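Next up, some structures in structure tokens.
Note that subunit A is present in both complexes that follow, paired respectively with subunit B and with subunit C.
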Partner chain A sequence: MATLSGKNIVKKYGKDTVLKNVNIDIETGKIYGLIGRNGAGKTTLLSILTAQNPATEGEITLDGQPVWENEASLSRICYSREISPVTMFGPNTLKVKDYLKLGKTFYKNWDQEYADELIKMFNLDVKKRVHKLSKGMLSAVTIILALASKAEITILDEPVAGLDVIAREQFYKLVIEEYASTGRTFIISTHIIEEAASLFEKVIMIDDGQIVIEENTDDLLARAYRVSGEDVQVDEAVSGLKVYHPESVGRNKAVTVLADSPVDNFSDSVQVEPISLQNLFYAMCVDGRKEA
Partner chain B sequence: MSLAARSLTYYLKSSLQYFGYAVGIGALIFVEFLFIHSGEADAFGTAFRMAVAILVMFIAMLNPMYAMYSPNWYDANVLAMGGRRKDIFWGSIIKEILFLLMGVILVSVIYVIYGTPEMIPASVYIMVGSLPFTGMARIIGHKIRKNGRVAVVIIALVAGFSAAAASIFSGLGKNISDLLPSGGASMVLFILVAVGIYSVLQIFVHRLCSKAMVQ
Partner chain C sequence: MQGNLGEDKSIYIQISEMIEDEILRDILREEEQVPSTTELSKFYKINPATAAKGINLLVDKDILYKKRGIGMFVREGAKKSIQETRKKGFYDNYVKAIISEAKLIGISKEELKKMIDSNLDM
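For the complex of A and B:
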């Protein structure tokens, strides 16, 4: 099993440290979800892992070989970024078909037949210029590029932003089909966690430039709970466990708990419910900060 | 096909595409001037001379324009598709030189066919003279990417002063061709100097390109 690995990654922009000594291992043949708040460092991390941007410190390897300027590694990776409708000199006048032609030129396993199929599915007008595309259509372009690249490791940054619910469901289905038929690795960075959670075999949670969780999604959720009841009893039940985002209403209290391993002996005096990935993410990230 | 070969394909196609634009513009200008001067005794000749002169100018201008724009857009696209910094660096050089060579050959062939080979040296000076500006434009493009609008304002000021200097030069009754050397050996020397300056500038371009990133 191949591994895309980042060791001790630090990224600084001037005085700001965006990534703080990040260590990450992406094993091939899995679907990863990368979640984090705006500005948490998701895009920076993905850019560095794919050698699109240099790290200030640290080392990125794929199967032990450096990724930076290395054809053997780069040819196995596709990082399909959000396309900007504007450039520094004005509107982005590139035609969609020219952007996709660029993909065809550079990705050695490019599947044009599949790209044409996806263009039809997303009802994309390839003669349109990028600056005239809607947000949803821009997302469709990044999805088509990523999927048709047939790259072994395919990374999508906010692929469903702007897509309507039907197109989003189509995208999730496409990823599952591709994964089932090819075993490609997908890393999907998204804010729409609730919908995509079932897609993720592993989840990477990044907060304030640090990876706070990198774990199998089912294993993570199996040790996460929402515990509620009278405050004294809740405090007693969760004593010794990692507690996030306590909410009190009168004498009642609810907390999010992330135990080290699944807990099956909570007291009967409190209510224990499973928690979704989105709610766990919210509880972990909102703690100690001003709620946005 | 290797990544270097795929990158080369991209830059060769790109060079041909831009050359097509230049020729297309030249053809349009020819038709327009033919229309404007219709009825005159030497309408064809006038339109032809204007079209070729404008084609020469476009060939001289497109390379620096593309070079300035590239670090902010085209280079980033290549990097985003898994290209390497060295693919961008060498690909751009190949693209720029090829574009220029095609221009010099086409314009020379046109002048020979039209029976005015004496026009060739001035055109070659203008086209080859754009090579150092292409190198400078790429450096400026990198500075614009790094420093944003501040760099654009500084460049606009420098360009403005240069234009003013050129106007004063012209106002004194001087012509730019007065500065150009004449004779075959001088042309070879001019080309060597232009290529030399372009090559030296590539050292700085290489440094900047090795730090290129997708923003």
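For the complex of A and C:
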């Protein structure tokens, strides 16, 4: 098993500190989900992990070898970013097939047959120029590049953002199929948490430049609850536990609890329900920052 | 196979319970092969590790067994053993809930008994 790890990563853009001393270990052979609000630092973290962006402080290694300007390490990692239809010099007039050719030159395990299959599946016109593509087709290109790279560690930054529900489901099935047959590592960032949560063996939650959760998804949800009932009784039932996002209506109160370990002895006077990853994320991040 | 997973329990537990339900309903028969973890993970859109965890739970309970190189199979006597286990949970999972709801809405002991009695010709 290989490990892609980042130690004490700090990233500053001018006065802004976007990543505040982040430590992360990505073990191969798993599907990771990366979730966080807009501006939390997800894309910055991913681009630093894949040496597309230098860290202000800290070190990234793959199996102990620094990743920066290390071709051998980088050829094992694919970071398929969102493609921009405009570049610094105007519209992105590159043809899709030429963009995909870059994958062929860069990734040593590139699978052209698989790429062709995916192009057909997503109905992608490879003769089109990038700036003429719809949002959905832009997403399809990044997905095809990522999957056909056959890279040991494959990172997709918001791959489903532009896709309709049918294409999204297609994408999830493709990832499961690929993962089941090859054991490749996937790191997928997404805002559509509800849909993808069950795909993630491990979840990384990032908030305001810091990793607040890095845990097996089942284990995390097994210690998360929504506790509701009469305010006094709720307060008593959750005292001493980590509580997020209390909400009240009349005398009724509901809180989200993230205990250190699963709790099986909540008082009978309150209602205790399991909570989805999306709702846990919401509760943990909604009160954090004042803006937005 | 049911198509939807809920949020009320860990997914791997739901997977194991759905396979048990299928055995109880004779959709999966004893000595028959159960879907592979890949098939289950694609069908339910879940991580293959989660599907495997659900299957392994049933192996630990002696409901399923592994045939090397082929896959997982339903053990003989599995249906009976699931029924026995579920009977133990029946009071906690169902009867208690009925009684507590009945109390809450003011159904008397006699009324409740009558309702159950009149529906007992199963």
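Here is the rule we use: the second predicted complex is superposed on the first by the 287 of 292 C-alpha atoms of A that agree within 3 Å, B and C clash if a C-alpha of one lies under 4 Å from a C-alpha of the other, contacts with A are read in each partner's own complex, and residues count from 1 in each chain.
In this section, a residue touches a chain if its C-beta (ideal position, glycine included) is under 8 Å from a C-beta of that chain, and two chains touch if they have at least 3 such contacts.
Not measured: the values here are computed from a predicted model.
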Touching partner for A:Phe200 - first (subunit B), second (subunit C), both, neither: second
Which superposed partner A:Ile176 touches (first subunit B, second subunit C, both, neither): second
Subunit B versus subunit C as contact partner of A:Gly36, first or second or both or neither: neither
Partner chain in contact with A:Gly6 - subunit B first, subunit C second, else both or neither: neither
Contacts of A:Pro159 with subunit B and subunit C, given as first, second, both or neither: neither
Touched partner set for A:Leu221, first subunit B, second subunit C, both or neither: second
Subunit B versus subunit C as contact partner of A:Tyr79, first or second or both or neither: first
Which of subunit B and subunit C A:Pro274 touches, first, second, both or neither: second
Partner chain in contact with A:Gly229 - subunit B first, subunit C second, else both or neither: neither
Overlap of the subunit B and subunit C footprints on subunit A, listed as residue numbers: none
Residues on subunit C engaged by subunit A in the complex (per definition of touch): 5, 7-12, 37-38, 41-42, 44-50, 53
Complex contact set, residues of subunit B against subunit A: 1-4, 6-7, 9-10, 13, 69, 72-73, 77-86, 144-145, 148, 152, 211, 213-214
Subunit C partner contacts - residues on subunit A that touch it in the complex: 30-31, 169, 172-173, 176-177, 179-181, 198-201, 217-218, 221-222, 273-276
Residue numbers on subunit A that touch subunit B, as the complex places them: 47, 50, 52-54, 69, 71, 74-75, 77-79, 81, 87-89, 92, 99, 102-103, 105-108, 151
